[in-house]
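Worksheet: the structure to be examined is printed underneath.
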Amino acid sequence: MAGSTIGNLFRVTTFGESHGEGLGVVVDGAPAGVELDEEYIQEVLDRRKPGNNPFATKRNEADKVHILSGVFEGVTTGTPIGMVIYNEDQHSKDYSGIMNVMRPGHADYGYKVKYGIRDYRGGGRASGRETASRVAAGAVAKKILGCLGVTVSAYTKSIGNIEIDYSRFDLAFAYEDPTVMPDREAAMAAGEFLEKCIKDSDSAGGVVECIVKGVPAGVGEPVFGKLDAELSRALMSIGAVKAVEIGDGVAVTGRYGSENNDSFFTRGDSVYKASNHAGGILGGISDGTDIIVRAHFKPTPSISKEQETINEKGENVRIKIKGRHDPIVVPRAVVVSESMVAITVLDAIMINAVSKIDKLKLTLE
Amino acid sequence: MAGSTIGNLFRVTTFGESHGEGLGVVVDGAPAGVELDEEYIQEVLDRRKPGNNPFATKRNEADKVHILSGVFEGVTTGTPIGMVIYNEDQHSKDYSGIMNVMRPGHADYGYKVKYGIRDYRGGGRASGRETASRVAAGAVAKKILGCLGVTVSAYTKSIGNIEIDYSRFDLAFAYEDPTVMPDREAAMAAGEFLEKCIKDSDSAGGVVECIVKGVPAGVGEPVFGKLDAELSRALMSIGAVKAVEIGDGVAVTGRYGSENNDSFFTRGDSVYKASNHAGGILGGISDGTDIIVRAHFKPTPSISKEQETINEKGENVRIKIKGRHDPIVVPRAVVVSESMVAITVLDAIMINAVSKIDKLKLTLE
Amino acid sequence: MAGSTIGNLFRVTTFGESHGEGLGVVVDGAPAGVELDEEYIQEVLDRRKPGNNPFATKRNEADKVHILSGVFEGVTTGTPIGMVIYNEDQHSKDYSGIMNVMRPGHADYGYKVKYGIRDYRGGGRASGRETASRVAAGAVAKKILGCLGVTVSAYTKSIGNIEIDYSRFDLAFAYEDPTVMPDREAAMAAGEFLEKCIKDSDSAGGVVECIVKGVPAGVGEPVFGKLDAELSRALMSIGAVKAVEIGDGVAVTGRYGSENNDSFFTRGDSVYKASNHAGGILGGISDGTDIIVRAHFKPTPSISKEQETINEKGENVRIKIKGRHDPIVVPRAVVVSESMVAITVLDAIMINAVSKIDKLKLTLE
Amino acid sequence: MAGSTIGNLFRVTTFGESHGEGLGVVVDGAPAGVELDEEYIQEVLDRRKPGNNPFATKRNEADKVHILSGVFEGVTTGTPIGMVIYNEDQHSKDYSGIMNVMRPGHADYGYKVKYGIRDYRGGGRASGRETASRVAAGAVAKKILGCLGVTVSAYTKSIGNIEIDYSRFDLAFAYEDPTVMPDREAAMAAGEFLEKCIKDSDSAGGVVECIVKGVPAGVGEPVFGKLDAELSRALMSIGAVKAVEIGDGVAVTGRYGSENNDSFFTRGDSVYKASNHAGGILGGISDGTDIIVRAHFKPTPSISKEQETINEKGENVRIKIKGRHDPIVVPRAVVVSESMVAITVLDAIMINAVSKIDKLKLTLE
């Protein structure tokens, strides 16, 4: 089935392979009247670029985005926003060594069985490069959310076993370090750990946390379109993610109910919670407090250490994967996670706009 | 938006509130030619019943399922299967005490803000009772999967901090204990822990693990309809779930790539993996090995301990929740989780049926 | 695929066969806060009943609707509205004569090839009886549209070759005649024509026209979700419909552009059109004038005249179809058409609520 | 809502405006293993080009298609096929005269009210130019259908009041005349009629008929995803279409059932029908005979005759529309209609692949 579309009212469709002509995305359903230009999209996209990040692939892509439609005189028109990013720095021959090999930890085998054919160059559609399309779409979502007073931020919460608590730091500094960890000390330790991984021809995993501020209570569509359900799907759809947590996540299973429940209270006209173990979502609906989600990324499967596997003929073989691979995907996945969360939250906010007859009447003026 | 539908080719739509007339589900897209009757559905549904389970609500519902359509002479006809379960043992007056109160850990507040009105009786649509519809649909999915050689099993992996490793036990025994833990010793300890929770007017959480056997490689639709993404959404849509893991889940972030990759190898004509950290899914596509997913459930939010919260007028109040509540949802959620996994896997298998032109040709005879 | 669901934000899923346990429908996405009760739904449903209509089947069904969910204290709650109508007056044995026969003009052959099995009793799912579910859902849609100042009306425009021009009559009188033609003289002629059809063991076709008033300009989602495209799909999904027209429909092909264009003009603050050949929709978007659509129904295929056809073994046979069939479906299809139009228009209005960032902001208060 | 996507398993998403950077389309869900290249797509696209057609716009676009993804070594890979067509010959200044005017018969007014902003250049998204994306997608669908033994052909059935009966001619010759009418005599008369329209600063309408051969019985998903319902939606979504007919369409309403029913009969092992008034679809499911549909196109609304209308300020004004417009859209709409039919039929065939458990088993090997 057509699996490259996500969203209902705000709908994102991506295409493109690592070493094909280019990547692209269609953002359909963006409300009209929002300022948007290539410079802004580019700026967000650049946060995903390997750039001079020592822990990222040496592939040097400009990742220049072109808006082909949906924007007129600097403003969204309500029609689909088509964007294209051409591939430039392709070293397809790097992959001749693995064209017949099913790499461990990769989708090679699944693609081969599923489709009978696969574009082996750089992982084809299963490449992390595919996420550039998501970030371009996420940038649009973030821009629109901004108009609604909603912000989505993300950062590297852990690399290997080095974990930080964001509440003690300023997220604005996250991008000052190539690890995208907003804690200088931890970032330095993580950097050393990653250098060791590179030296060992190995790779590492980690956790990205996203915080969404400003979402009003009431967003999410039970019972299957719950906000946490949609967020989980969106984050788990990123390659390398193996777990998703909402609020305190896995930690809640060891608690008593009396510890885990967040008490509501009011002060003035506003409703607050004494704690936020729930991560801002109860029964699949936002409760007006910060939404907190985490995605757990496995170590990059492409490593240059020798591994045992099979080839397309079904023979047992040994490989060392060459090419320009990231020893960890997490720092570059921060903006990708943020994008998937933004896309999901915006769609949910738009859907919630018609939950009550009184709100629906408002929109008819 | 209409959030009560899940699935594409195999599509499930549920309705019903805890204390309304009844619950129901429409299963649309079930392939024709599969034997199905009420007795079988009932048998699966009964695994969700509180019955004589000491750790479950005392509400005594027969949960008798009625098939209204889609089955003719004991066989599915390809038309939608409508099923209804009438509510019988409703003690709506139990809820008069909380009708104006926003219970902590519940969706009350979100529903109120979202819709302006809510059926406060027993949580209305947000009640765990809603999952009866899911189990009826899941039973249909499991029946069809059975025809395809696919089995879905689940069990209680942990209650509070008591955790078991299923590989050492026989899942067939899971239902012999009210905890649905297939390890007699652990089950006994868990039982004692739950009795303490009841005595303390408190509640507990836990983990359900599902294992799917027999799914061929190639199932799942990148990049947004990946099999793990769809499974995450399906499981996270169950009330009380706060985290979902695929394979080794959160554990992978602390590993090296060389530890985490599963090596492929062949023996005879078959492809195997030396380990299954990935939980049977790589790049969002099944790899032919067992699919393993876990859902983390928070402690039941309804506790009879006194809690602080607000009422509908926005006043700060204190409540003790009365009524007939489960001190833990996990044992009854086992079959619910299993159902959501079955629904999702079947839909994905059906979609994958047309991935290649050669397969599509086969179906045209 | 699951073909029994229509709509996006306002989503309708039906189930049920002519001679199964019952029919039903789930209306998901209805905005909360709208008054609704069984009496009102019943009243609309009764317009579809054969009743004492001499031109309708003698099958005598009470078609009593039961609301199972989604309504609390007389008001919609935003949760799915499940409704069931039990079958009562089934004469399944009437069908023993045709159980192995593929009736001409019916879906028997298609169902048999598609599913390998079919519920032959009364056409099973392909029966006109299935439309009771649509009407129950349409009643909900009409109720909500009423809150928004939108009305949907329909009437019999033609029976056989007897056609009327509704602008000369009062639609309110349509239901005074069993033909649902709001022109007494034409209705009488049509009645005589239908009596002749019955005497001749034959059947007749006709046209239903729907007029929607009060839809603001701007509704409809180009390029594939255009309002006229969605209306066409909705009407063509009614059994027996073979053509759909918007506005002047087929007549436009013989005109010059200068004749067919509707001039806009303003008077005071309002925009008007000098004519409405377009039927209120331009480029797939409503233009604020009356929306006019027509559905063309073929003659009832069940006739008691002898016909040639084949049986399930593939033998050539002759049949005379017995049972209780309508000599024309049009009068009973009026409310069905109206329902499909109401469902479609409401969904489109809800979707349009988020077309502009300013409107979206309004809904966030 | 995101209205620019159509299809379920075979899903098409388009973007682009008449005078923006370019047009594009994402074809997601195409089965892997089908030969495809730009030359073939271009060839189909060229049938939509104004070229040296005297009855088409003088805008001279190369309409060169670029495949950006989804094809590897000349074969589809199962991943989304992204295609882009850049705009080149834009004379945006042609539109300065109408930038503030709501053209009669156009979507200008609807877009303005809906979105608050519109790209007035050449109609923006509402331009007929948008259909280039549909044709590129339709070419892919036709290629895949070819592998399955299904062909979709279309031709101009009428221009103004000049109508032909295709059964007497060879459709292969349709493209030999700029009218795409496969009847030399009628084509000549139509040509003269169109020259008169041009001379009179006026425009004309007409009918396109599509014939689909080779679709097996059983395709179509009752009750809302019926094959005729989906075809109606697909064709009505083309700008300028005001009516859709299946088989004998509007003609059936004046007939007796005994005249309109198509008798089945068998000869050897095959099932035939003695007539095909139904147009190959009964009860929304294909019956194995030719599928016949017609789309009725209104006269081009852009005419250079003076017309009365309003401007964006709401003032009554008079306009003569300049620019390079087609006096009739029908000949160029033939391949567009064919494309929409091909997309719809392929999607329906793919969905039908899992209608029976036995067929589903086949695809699991």
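In this document, chain identifiers A, B, C and D correspond to the written order of the chains, with residue numbering beginning at 1 in each.
Methods note: contacts are C-beta pairs under 8 Å (C-beta built on N, C-alpha and C of every residue); 3 or more make two chains touch, one makes a residue touch a chain.
For clarity, every value in this text was computed on a predicted model and none was experimentally measured.
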**Message:** Between A-D and A-C, which chain pair shares more contacting C-beta pairs?
**Reply:** A-D
**Request:** Farthest from subunit D by Cα centre, which chain is it? Let me know.
**Result:** B
**Message:** Measuring centre to centre with CA averages, how many angstrom lie between subunit A and subunit C?
**Reply:** 44
**Asked** Between subunit C and subunit D, what's the gap in Å when you average each chain's C-alpha atoms?
**Response** 26
**Prompt:** If you average the Cα atoms of subunit A and of subunit D to get two centres, how far apart are those centres in Å?
**Reply:** 37
**Prompt:** Which subunit C residues sit where two or more other chains touch them?
**Reply:** 1-5, 8-9, 14, 29, 32-33, 78-79, 111, 114-116, 125, 216, 222, 351-352, 354-356, 358
**Fill in**
Contacts from subunit A onto subunit D in the complex sit at residues 1-5, 7-11, 13-17, 20-24, 26, 28-29, 32-33, 66-70, 72-73, 75, 77-82, 84, 114-119, 124-125
**Request:** State the interface residues of subunit D toward subunit B in the complex, per the touch definition above.
**Result:** 8-9, 29, 31-34, 76, 78-79, 144, 147-149, 216, 222, 349-365
**Complex contacts: residues of subunit A adjacent to subunit B** = 1-6, 8-9, 14, 102, 104-107, 109-111, 113-116, 125-126, 130, 158, 160-161, 197, 200, 202-207, 216-226, 228-237, 239, 241-250, 252-266, 269, 271, 274, 278-279, 282-288, 296-303, 305, 307-310, 314-316, 351-352, 354-356, 358
